[in-house]
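Shared between the two complexes below is chain A, which pairs with chain B and chain C, respectively.
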Partner chain A sequence: MSSTAGLKSRIPSLFALREWQLTLPLALFLGLFYLAPLLLMAVVSVSQQGVSGISFASYVQFLSDPTNLKILFDTIWMGTQVTLLCLLIGYPLAYVYSRANAGWQKVLTFLILLPLLTSAVVRTFAWIVILGREGIVNSALLGLGLAENPIRLLFTHQGVVIALAQVQLPMMVLPLVSAMTRVDLNLEYASASLGAGAWQTFRKIALPLSLPGITAGCLLTYALSVSSFVTPSIIGGSSILYMPTFIYQQAMVLVNWPLAAAVSIILLITVLTIVIAFNSLDRVSRRYQ
Partner chain B sequence: MSTSLPTKSVSVKQGAIDWETLSFRVLIALGAAIAMLFLTLPTIVVLVASFSSGETLKFPPPGFSLRWYASLINFPEIHEAAWNSFLLASLTTLVCVTLGVAVSLPLTRSRSRWIQAVDALVMSPLVLPGLAVGLALLLFFNLIGWQLSLTTLMISHVVICAPYVVRTTAASLSQIGGSLSEASTSLGANPFYTFWHVTFPLAQRGIIAGAFITFLTSFDNLTVSLFLSDARTAVLPIRMWSMIENNLDVRTAAISGVLIIITAILMILMERFAGLSQFVMKK
Partner chain C sequence: MSDRFIQRMSRRTVLGAGLFLGTSWALKSCTAATAPSGTTQANSSSEPNAGGATGGQVVTASFPGTTENLFRDKLAPLFSQTGKGQLSVVPLLAFEQVARLKAAPDNPPFDVVFLDDGQTDIAMKAGLIQPFPADRSSGFSNVDSSFLGKQGLAPIFYMQGVVIGYNPERVKTPPKAWEALLDSNLDGRLGLVSMNSVLGTSFMVEMAKLKGGSESDIEPAFAALKQILSKVGGVAANPGALSTLFQQGEVDVAPMWHNDVLSLKAKGIPVEWVVPESGMIAARYSLNLVSKPKSGVDAAAAYVETALGKEAQSILSASPYYFVPSDKTVQLDAAITEKIGAKTSTEFIQKANVLDWATINQQRSTWIERFNKEVKV
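And then the complex of A and B:
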């Protein structure tokens, strides 16, 4: 292969070109079937049936109706509650994971990944079995004599928050685990041997060093919660509406595409705002490291 | 890594009960225990309920039998939906792996603005509402006059699944580093030879892990499919969703049971062959 030796100097530039070209198929695919449709949806959201030109009627229609504003508020509130609940119980789980031995880590990995990889419809269905009138919670409460009649858990906001928190918990735990396993435990030993108590060590060492995991986990959990459809539509029923359920109804049941598109854009903006906010938070938190 | 907490040695030296250490450890253990119960309870409940001998979904069930699993044998709608989902997920995985692996090659080596922009573009569907993507594609296909079919459904799934293959493949490529493929090319192998004989075998585990996650994500997706499937291409999640919305059929529990068992078996196989957790648990 001595003939290729002369080409050696040309290889790097040839390669740079090839590398760049490799991204083209997927970039073109996403440009055509992702960016263009999103752009089209933005255009549809400012159009009105039978009228030419730009019209913000759909946005005005949604944002001027108190019932619709409540849907927006409920969605944001639900996302916040789910995120906080996930952080509250996900953090200790990730903490234990990062300090467990290899055997326990295997068990915990399976416990975290199995629900993540099981269908969201299946997980939501499980919550009907748990929260329903004849469900496990009500059977327990009635059996223990703590309640006289079955309590209503399905079709409530709280029910949606609980079920969705379980569905999204792995998305909180994974970034936390990834941030915590990277922390050098010697820092904590040093802190403890210098006389700091468990809480002080946690507050001054473990917590600040896990901040990148917290921001990434909260970002994912929040974005996925406010845009999830399966769990809120089944557990919330028709009595409580959230943005995704509202979009689905407008688009597929009432065939009001401009309004559905406008509400989708509002939801997109809500999610993007939180993504940008958490990204800047993340930049601040990385200064600790 | 050991299980001992950093403060253990300190508490032993003090002799008396160290309330601070104790309160911290109890709270952490309690939180983790609640999280573990919370994560596993639904899976266990569905599995137990699916073996019920009763007519309705009751927990705990009155007795155990396989009758609801047996009833799935004569349920053609579900067979058809499961087959559609399987076909769709397989096609989506094939396209995602082909396009995604190509993107991940320059991603790990180049820092150019173009590559970074493509990376952001590929990753963005992970956080954007799937429902909005579904609606946008419905409007788009409607505009260009494409009939809804398995192809349009697959296109929408590739958009939302591509990030998984790109992430896991890039992760395993960055572990390998570029020196081996550089050695191959500088010894005179052409880029294709280098890819097939050096890069691909080394990145195989990441690609398989990505393909597996893509397959499950596509198989499970409801929000995007909701807009892009019609009666002919009804997929399993949509069938199950409408079954749950309409009436609480115990057959739904049996389908869920089958899905949970298949997922668990596939997970164990993937852990064996691709070291799945390595790509999901650590970045």
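And then the complex of A and C:
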């Protein structure tokens, strides 16, 4: 009897994990399959084919070539443009969602999530049909008499930005919706009752309180855009190079793994810099909470 | 007894045991993934080329698109009928296959690679592929001697020719020679393919040769390319993407594979082709056994043997593939014969230019990088 009671008292203490211990499986998983390959990549990036010892030749090679720097700049610029475009389109949509009734919210949820149910490859090929010389955009422009000749959208930087914005839009809208639906509407009613106009209420209440959603959405969209491979490759063709395509070429076509690893690390540092910047913005937004 | 056992179990013991079990399971899964079910694991004995037992699953690399369909729809059932194994197809471009073999030479992701002459040369020099056991093959007798592999490698599996494809609805004056693509009066948008591909490199080298260059001197081709950049409608990442551009009306004229043109034509796309006056460029491809095939040499060789057999070779030439098989006894499709005037593979190769890929390989990486930087449409 006493031994059974002892057993019962030990079982809870055996399995009573502290909260932080619940993260152990994920930490182990990330350590094995994310951090370890990343460290390996960092090691490869400071190696040189056929030469022993540490060498930063690959970093120097990349950063000393103006063409390569242009590829890096184009990638950052493309990511920024896609993020801003997604924010411009996604913010009003999320705003409408947060104020819609339950029925409309269901419809909007379906519309927001619909693109995620289709592969990015399929959506990108659809953009070839839309942006092509004989595509929907050009047919409409020519049909309406707004252009005399088809405008060039495919194989352009602008084409990549447009297609990628559509592909990444749910990544912007979902955090925005999450942040906006948590805002207490009574704050806005109070603002209005105290004499603030619609614009002032939006600027001083709605916008600051939605900042966590904006930072999370921008972060997701930016990181996914600068690291995307399929859409820039298909819509941009072989004549527009971004960092992921450059890394692929160095690793798979030219089998120059040190340079590919160095460029990957440079891209990672670039993205991390933006993440830190957004986190600073997030800290500012918390002052309003 | 059981109570005492539980009392001795600390949290650390449970976590340690869990970690051990998890790691064992993960390692076992990794091994299982490289040795598919039904396959006897490759023999990792001191014999480097021995491989393992026969049977099981043979993993073959293939180019994406038409070739992948051919391997899946035709070669896999044919190989299955031999009772020597099942075929699993991994679609990858030639340079991707070589890169993956280089990344894991002792644990290759496939048993058989499918490479063009240039990449075969690279793989052979890097020791990634091994000679084909010709003494076990009956298909060799029908292969033209010029298609037999170098240094005992497997023979050529099929060939393709680079021709000029054009849209007859838009290009009113059909081009007759490669130089016509440089003509500013040519009424059509030019399509190109990146030099990553055999098609793209073949076109650039041929252009260089016509302008006084050679396999080792591509400078004239880059100079010529600068003059026509304004006419280039798009640079596709690979030949498959070029076909899509043709289909979408993005480009009207391009260096293309003869069989891609025929496939597009069969789908009702307005496209025609001409063999340039200087002759078409031929590209040759072979299936070769990797140095350490997991399925074993016998099973991998049996699959290559199936591909070289009469039935498979006959399928290659027919619609919808239109490849040129290496079996000299197989009659080429009428659509090929009509344009090229060749009835067999032997006649085909006599009418084509074969490039010196050993020389090209020495500078190809530099050319690819240069092409990617200079060709900004």
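Going forward, the second predicted complex is superposed on the first by the 261 of 289 C-alpha atoms of A that agree within 3 Å, B and C clash if a C-alpha of one lies under 4 Å from a C-alpha of the other, contacts with A are read in each partner's own complex, and residues count from 1 in each chain.
Note that a residue touches a chain if its C-beta (ideal position, glycine included) is under 8 Å from a C-beta of that chain, and two chains touch if they have at least 3 such contacts.
All values derive from a computational prediction rather than experimental measurement.
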Between chain B and chain C, more extensive residue contact with chain A: B
Partner chain(s) touched by A:Ile234 [first = chain B, second = chain C, both, neither]: both
Touched partner set for A:Ala251, first chain B, second chain C, both or neither: both
Chain B versus chain C as contact partner of A:Ile136, first or second or both or neither: first
First, second, both or neither for A:Thr201, with chain B first and chain C second: first
Contacts of A:Leu267 with chain B and chain C, given as first, second, both or neither: first
A:Gln158 touches, of chain B and chain C: first, second, both or neither? neither
Partner chain(s) touched by A:Ile128 [first = chain B, second = chain C, both, neither]: both
Contacts of A:Pro115 with chain B and chain C, given as first, second, both or neither: first
Overlap of the chain B and chain C footprints on chain A, listed as residue numbers: 4, 11, 128-129, 132, 134-135, 233-234, 251-252
In the complex with chain B, residue positions of chain A that touch it: 1, 4-5, 8, 11, 15-16, 18-20, 22-23, 25-27, 29-30, 33-38, 40-41, 44, 88-93, 95-96, 99-102, 104, 106, 108-115, 117-130, 132, 134-136, 139, 165-166, 169-170, 173-174, 177-178, 181, 185, 188-189, 191-193, 195, 197-199, 201-202, 219-220, 223-224, 226-230, 233-234, 244, 247-248, 251-252, 257, 260-261, 264-265, 267-268, 271, 275
Touching residues on chain A, where the partner in the complex is chain C: 3-4, 6-7, 10-11, 14, 24, 28, 67, 128-129, 132-135, 154-155, 233-234, 237-241, 249, 251-256
Chain A contact footprint on chain B (complex, rising order): 1-3, 5-7, 9-10, 18, 20-21, 23-25, 27-32, 34-36, 38-43, 45-46, 49, 56-60, 98-100, 102-103, 105-107, 109-110, 112, 114-115, 118, 121-122, 125-133, 135-140, 143, 155-156, 158-159, 162, 185-188, 191, 213, 216, 219-220, 222-223, 226-227, 237, 240-241, 244-245, 248, 252-253, 256, 259-260, 263-264, 267, 276-277, 280-283
Chain A partner contacts - residues on chain C that touch it in the complex: 3, 6-7, 9, 11, 14-15, 19, 22, 95-96, 98-99, 102, 193-194, 196, 234-237, 241, 244, 248-250, 365, 368-369, 372-373, 375-377
